[in-house]
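Residue numbering begins at 1 within each chain, and the chains themselves are lettered A, B, C and D in the order written.
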Amino acid sequence: MTTTEPTGDTQAPARSRVVEWGDPIVTAAGMSGRTGLEFLQTLVAGELPPPPILATIGAALESVEAGKVVFTLDPAEYHYNPIGSVHGGVYATLLDSAMGCAVQSMLPEQVGYTSLDLSVKFLGAIRLGTGRVTCTGTVVHLGRRTALAEGTLTTQDGKLLATGTSSCLILGG
Amino acid sequence: MTTTEPTGDTQAPARSRVVEWGDPIVTAAGMSGRTGLEFLQTLVAGELPPPPILATIGAALESVEAGKVVFTLDPAEYHYNPIGSVHGGVYATLLDSAMGCAVQSMLPEQVGYTSLDLSVKFLGAIRLGTGRVTCTGTVVHLGRRTALAEGTLTTQDGKLLATGTSSCLILGG
Amino acid sequence: MTTTEPTGDTQAPARSRVVEWGDPIVTAAGMSGRTGLEFLQTLVAGELPPPPILATIGAALESVEAGKVVFTLDPAEYHYNPIGSVHGGVYATLLDSAMGCAVQSMLPEQVGYTSLDLSVKFLGAIRLGTGRVTCTGTVVHLGRRTALAEGTLTTQDGKLLATGTSSCLILGG
Amino acid sequence: MTTTEPTGDTQAPARSRVVEWGDPIVTAAGMSGRTGLEFLQTLVAGELPPPPILATIGAALESVEAGKVVFTLDPAEYHYNPIGSVHGGVYATLLDSAMGCAVQSMLPEQVGYTSLDLSVKFLGAIRLGTGRVTCTGTVVHLGRRTALAEGTLTTQDGKLLATGTSSCLILGG
């Protein structure tokens, strides 16, 4: 994936970026015969194509352990809203990913999940100068039918940019 | 913007898409001397470059009136999560946009806003076959210091896919 | 139930109120052999003791139809927080009741529910002079495993005091 | 305050409880000339009447430090909903109190706050046999205009019964 550098030049022509992604059916098929944790570790290792949404927003799955998942993102101009900073939807996409995967990392083979809700509290603006942001999802409660995860989005020096919660329904099992 | 058609072919090479967007500084400068409603109408009319995030996720600002804003999106493979449907972050991006802009549409010149939170309830999966989805944000309460908006995400035949709420802080004024 | 009138007199002795309620086991037993709607209608008709929490906060179940339930409350000094108005927990109790019962009103015999979450947006203060408030819960989505309800809290002349959402898990069925 | 013991006897007469509380104007006046922390410490010390809502639901303010407040409650029959356990509104009242007071504990003299929202995730039922529950509110973010608190509700042996979040608007200052 390549990105035109933001120039701040109001006369600049349209900027462009090429997004490439793999077939999501291949990724989804990789869940078969693996626990949630094994599937996510396979993604971290690059042995399966990352889900297309990650390419679209330019995020990376950084690490996975049981009940805790970390994504990172380098803020770029293509994340911007019309009021001069990274759009709230980017925060939400990172948090939804991290919290959903944290729940998935606790599930045995053949057990799936679906997110029932996503709640985000915005605590600080993200701009190009913010640098790399880290989004961590952790499981707070794992029940038989539902799970609750929470998430944080922080700068490299630990400043809190947002928090989130997500309830998931556990399927199968 | 061009998009490779999803093929369902697990042997297919990486798919790609070129995203183009305009300078967000030009868009932001367009707020000067305009009410929130006038600014958003200028975006609908295509007289200012759309915010980069809209190009990134492939959404369009469809219509604006005082207190009500509509976005649309055609689901595509590049929106997919690893579990075979459109990622929750896409729902969240649409809802955050529609609810934030609905609040902005009520603000006079020189008055800004920032979103304090975003809450999304996921009610139905979106897949390629779902077809175009419509996201509507409406203002529920406009106070002196804060505003509350709610949003819906529906199919073309009115099936409810998600609902949202967002509280905004009103700045300046 | 009797209530000492608030006097505004800072020298007044402690105020007191007697709360009386019926055995909740009797109320719960009344669900047997009734749909959710029939059970709630029996409560409205006064043929079963109201749940203790309603006596505790002085609220009344006013009306029930399929998918919509209304509670009322007359604000009193015993609802007050330390900052001079009705405590947010009273709003939350009304909204949780109205939204939960709205979901229950859609359930057949032998099918129960439990609330997964409650979210309240506070839009206006309630004080003694506000007069009777009305809390309405309505079902937005009824799925096979979960349901979503929303609620409003308003004054007698329709001013919006709060909104709420609640997701419920459907049990049995 | 006295409480009739629940008997489980379906033939029992109505149960009753006398609730006594102090004048909330006296309590509110105690904020004058005190920081938020000093005011709350005065309440813990019993030097001001507790807010009426605490008497109504039978909760106690247990401890206060800067950014962290703890309430306790002994579950009783008068907290029950019609489905055989403590009503969600009681959870919400405890969490709203603990999170609001945690924010207040960080505020200087003459600076007030109001809760914008309350969100509760219900993780476990509370019944008479659950024994005393502890509700802790902590400040996650303190900005110039808004603050964010989170809360937990737990049993004496640390089982998580609910979590909450609340955004507050800071007034004056």
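A few points about this structure:
Note that in this section a residue touches a chain if its C-beta (ideal position, glycine included) is under 8 Å from a C-beta of that chain, and two chains touch if they have at least 3 such contacts.
Because the structure is a prediction, the values reported are computed rather than measured.
Taking the definition of touch as given, a chain qualifies here only if it contacts chain C and chain D alike; those chains are A, B. By the residue-number overlap criterion, the interface of chain A with chain B counts as same, with over half of its numbers used by both chains.
Centroids built from CA atoms put chain D at 38 Å from chain B.
Averaging C-alpha coordinates per chain places the centre of chain A 18 Å away from that of chain B. Among the residues of chain C, those touching two or more other chains are numbered 116-117, 119, 121, 167.
Chain contacts in this assembly form a complete graph, since each chain touches every other chain. Within the complex, the chain B residues that touch chain C are 119, 121, 123, 140-141, 143, 148, 150, 160, 163, 165, 167.
In the complex of the two chains, the chain C residues touching chain A come out as 116-117, 119, 145-146, 167, 169. On the side of chain C, the complex with chain D involves touching residues 7-10, 12, 14-29, 31, 43, 49, 51-53, 55-57, 77-84, 87-90, 92-94, 96-97, 100, 112, 114-122, 125.
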